[in-house]
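Below you'll find the structures, each written out as structure tokens.
Look for subunit A in each of the two complexes below; its partner is subunit B in the first and subunit C in the second.
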Partner chain A sequence: MKASPMPAADGPAAADIILQTEDIGVVYDNGTVALNGVTLDVPTGQLTALLGPSGCGKTTLLKVIAGLVEPNRGVVSVHGKPIAGPGPDRALVFQDFALLPWATVLDNVSFGLRARGVGRKERHDTARHYINEVGLSGFEAKYPHELSGGMRQRAGLARALSVQSDILMMDEPFSAVDEQMRRKLQEDLLELLRVEKKTVIFVTHSIEEAVYLADQVVILTDRPGKISTIVRPDIDREGEVDVIRRQPRYIELVDEIWGSLKLYVD
Partner chain B sequence: MSTDHRKPLMRRLLATSPFWSLIFWAGLWELAGQLGWMTLLPPLSGIWSAFLELLSQDAFWDAFAMTARTFLIGLGLSVGVGIPIGILMGISKRADKLLSVWVNIFLSAPITAVIPALMPILGIGDATVIATVVLFAIWVVIIDAQAGVTRVSPSLVEMGRVFGCTNAQIIFRIVIPAALPEIVTGVRLAVVRAVKGVIVGQIVIALIGFGGLFSTYLSMFLMERFWALILVVFALAFTIIGLVEALERRISFYAQAR
Partner chain C sequence: MADAYKAPAVVSRPDWVGLATSTTAWRLYSFAIFFTIWEVASLTGFSIAFPRASEVAVALWQMVLSGEIATAYADSLPPLLVGLAITIVGGVFVGVSVGLFRGVEWFLMPLLIIFQTAPVSAIIPMLTYVYGISDTSKVVAIVILGLPLVALNSYKGIQATNKSLLEMSQSFLMSRANTILLVILPSARKMIFAGLRLGVSGAFIGIVLAELLITPTGIGDLITYNRSIARYDKMFAAIVSILVLAAVTLSAMKMIEDRLFGGDAQK
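Coming up: the complex of A and B.
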């Protein structure tokens, strides 16, 4: 966090906090400690990346926030209220897409709305809007197996957007697609988030991805399941999305984070 | 083989070895019958005319109706009861612990041995045959439905929970459709077993349906009719199984895409 030119007022302490985790502890049935006292503030309207080596508990933390895993201790609160399981204020994009293979893109994208009892016409209209927004127009009637990995994840993203939750969670969303597609999806996500004002929490094992996308990078380590540092990449994201990767500050930060993570990689 | 589809149907049929195999053995059968090699084996041509006679007999159609009735009721019960039990065992560990031992015992047990015990309880009639069909068919339905449910991707279920599905919605909109290919396989295997069950049940009871006809023809040495009936039963079994396999191919089109 050296040489941060960012004014203190934009820091998490002063910004609006939409989601908080307090002293989260998770122990698996087999005795493995997955998380050990994770306290984290997620600022409204920002991108928070959970970064760390595999086995550091970052996906477990996301699932706790999603309400899918009940922590052994600690509380997750949204807007100051403790959560009890999944809720309409949070939507999730899955690593393996989790699309229904027997349903079309349109039906997959409108799945969340259907579960909420939204009528057929209305949910299809909403779904079409977000299918268009993620760049999948024309593929409404296709089945997941007819789509490439990148397109499947666009469908997963459209499904998460269409329920219009304030918080969008993503579990290694781009790890199952190839490098070129990953870059394209990252750029498209940044473009999309300029339109959709969301709070995003995403899990990644890629330092570059975290620095490129996130306002706040939470680095977790597996000794065991603790936050080691929080870095706020003070990168200018106003211009073209593909310019970001050429900024000296971007390269510097990637190196800095690698330096701190190197200790934990044997 | 790649040019096969361009040949006319007859040429393709002639090119298949089962066709020639059938012709060869049918010819041998006819020859053996005509030359009287075995007194209990009439020539195929005689069996064919016996078959045409059978079709004009009320006893045959009564037996046919009884077989169809007990088969359909028994299969319906196996599928209608077996699928929910299998799904329950896939979802609930407790139900699995309670039932899986018994399902596995009955799956491989020689059911035929149980039929004589059923007769005093259920009487000599439809009920015993239906029970036999169920005992033959239900276990594989349960096992396959359970396997299908336990193989559903956990992330699909998590997806349902994240988007606010109730447990019932998760079961009906995610788990059951995802387990459908396995469920359909179980039903196909159940059809094969039910065909065996309905015949074995009647034969062991030996007084009703095709079983009654078989024992009547045998005791009266009506060998043409006996063999005609056997071929009818074979043909029925193959037709039903063929239909179910065709149906399964249409339903499980998305199984590979999972």
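Coming up: the complex of A and C.
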């Protein structure tokens, strides 16, 4: 999907790491250990999937990276600098879309730009560009309740893109839409990322989705949440996006990951 | 990827004027049924203190012509309006502050709960000791009956803000002030308006109670006086007049609310 794909076998060089987590530990107020010593490198311009059974802490890890949850120990650094809360270098796409029900698509998409003090006309122009890019043209004046689930998530994606952060974080972005729509959204996301050079970190519980989309699949296990393995699906993504699912390597990888995960599912 | 999505059938906005007119029609209709039943029931003559609806209507009309109603409302309306203003502005302000700030919540929440649950009308006679037989007593009675309802609903509205929207706002670096303005208040507005309508009802109860119990002037005095001289038709006419005023005020508020928020019906 990128102009110069990384060689699959060896990891990326240190200079290409945009975001790092170091020994992240999160303990909830009730004493539950959500994350225990998660150390992870996120390569620039690649798609990293956080995969694991429900309750393994993958969403917590994403929220730590987003700066919404403060870890009890460990550091998250972007470009080598530790983060203190949310920042302009990261934008989040929400599982439940998190659209303002009383605001139009245009106002929802320009919300992030408004937070950054961009003037009305400019933020609407930028928002229109990304609304068009995610395929929502013509729906600018609609309210979220007038849109389907897939279209709401497109609006959520446009909002995250419009602030032009380097890192796009997605929390189970396609879990609230039906299977056909999910496939369409996945394909559209890959197409979109060919235009928008972004580093993407996304949370999923779908092995197929992780292998299909990601350059790096981080498999987390629960009790307590830690990284079990990291798989780099060496899949050729240069051609048509719908061909990927038919590659033997794709099918093999899905089986392999299921083999390692099913020990933890009961 | 755009062409995969066709516009869904246009979701037409409700015709607000038409809707308001039709609900008004329904209201008038229910009034008509109510007064018919009243008229028929009173024909049985089971109590001399229960005049016929038509007698009450005639009495009301005569009281309007003689200026009795105008004189009474000249006494009742000024404290009612002042009390309403304090109830509305103060109630929203208190409720929103309690909802937004921990410290204010800790300090004011117990008071609000006490005022909401206690039989406040029982303490209204005691207001005389502090404020005497005055308009101030009336205003205070209105405020203690109305303001806690407005404040508690505003507070609940603020508290009910979707957590995901708050995280969204935070993650897009929206300032706290703008989050309140653009996320929290719009999200709470329906609860706030529901509270305003309850508070206005409370305010009407407050003015009548104050005039019945402590300050025999205005519309409350009109009720008490006519009861004492057994002019039950005039007594009921006075009661009906305040009921109509309250109903008209609440309908007007509902219309303002629909006008303000009509365009974005939520799921």
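We adopt the following convention: the second predicted complex is superposed on the first by the 253 of 266 C-alpha atoms of A that agree within 3 Å, B and C clash if a C-alpha of one lies under 4 Å from a C-alpha of the other, contacts with A are read in each partner's own complex, and residues count from 1 in each chain.
FYI, contacts are C-beta pairs under 8 Å (C-beta built on N, C-alpha and C of every residue); 3 or more make two chains touch, one makes a residue touch a chain.
None of these values were measured; they are calculated from a predicted model.
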Combined model on subunit A where subunit B meets subunit C, clash or fit: clash
First (subunit B), second (subunit C), both or neither touched by A:A66: both
More subunit A residues in contact - subunit B or subunit C: C
Contacts of A:F94 with subunit B and subunit C, given as first, second, both or neither: both
Subunit B versus subunit C as contact partner of A:K184, first or second or both or neither: second
Which superposed partner A:P82 touches (first subunit B, second subunit C, both, neither): neither
Partner chain in contact with A:R116 - subunit B first, subunit C second, else both or neither: both
Which superposed partner A:M151 touches (first subunit B, second subunit C, both, neither): second
Partner chain(s) touched by A:G138 [first = subunit B, second = subunit C, both, neither]: second
Subunit B and subunit C footprints on subunit A, overlapping residues: 66-68, 86-88, 90-92, 94, 96, 98, 100-102, 111-112, 115-116, 143-145, 159, 163
Touching residues (chain side subunit A, partner subunit B) in the complex: 63, 66-68, 85-88, 90-92, 94-96, 98, 100-102, 111-112, 115-116, 143-145, 159, 163
Subunit A contact footprint on subunit B (complex, rising order): 153, 155-156, 158-165, 169, 173-174, 177-178, 180, 254, 256-258
Interfacial residue positions of subunit A with respect to subunit C in the complex: 66-68, 86-88, 90-92, 94, 96, 98, 100-103, 111-112, 114-116, 132, 134-139, 143-146, 148, 151, 159, 163, 184, 188, 191-192
Of subunit C, residues touching subunit A in the complex: 1-2, 4-5, 7-8, 11, 162, 164-165, 167-175, 178, 182-183, 186-187, 261, 264-267
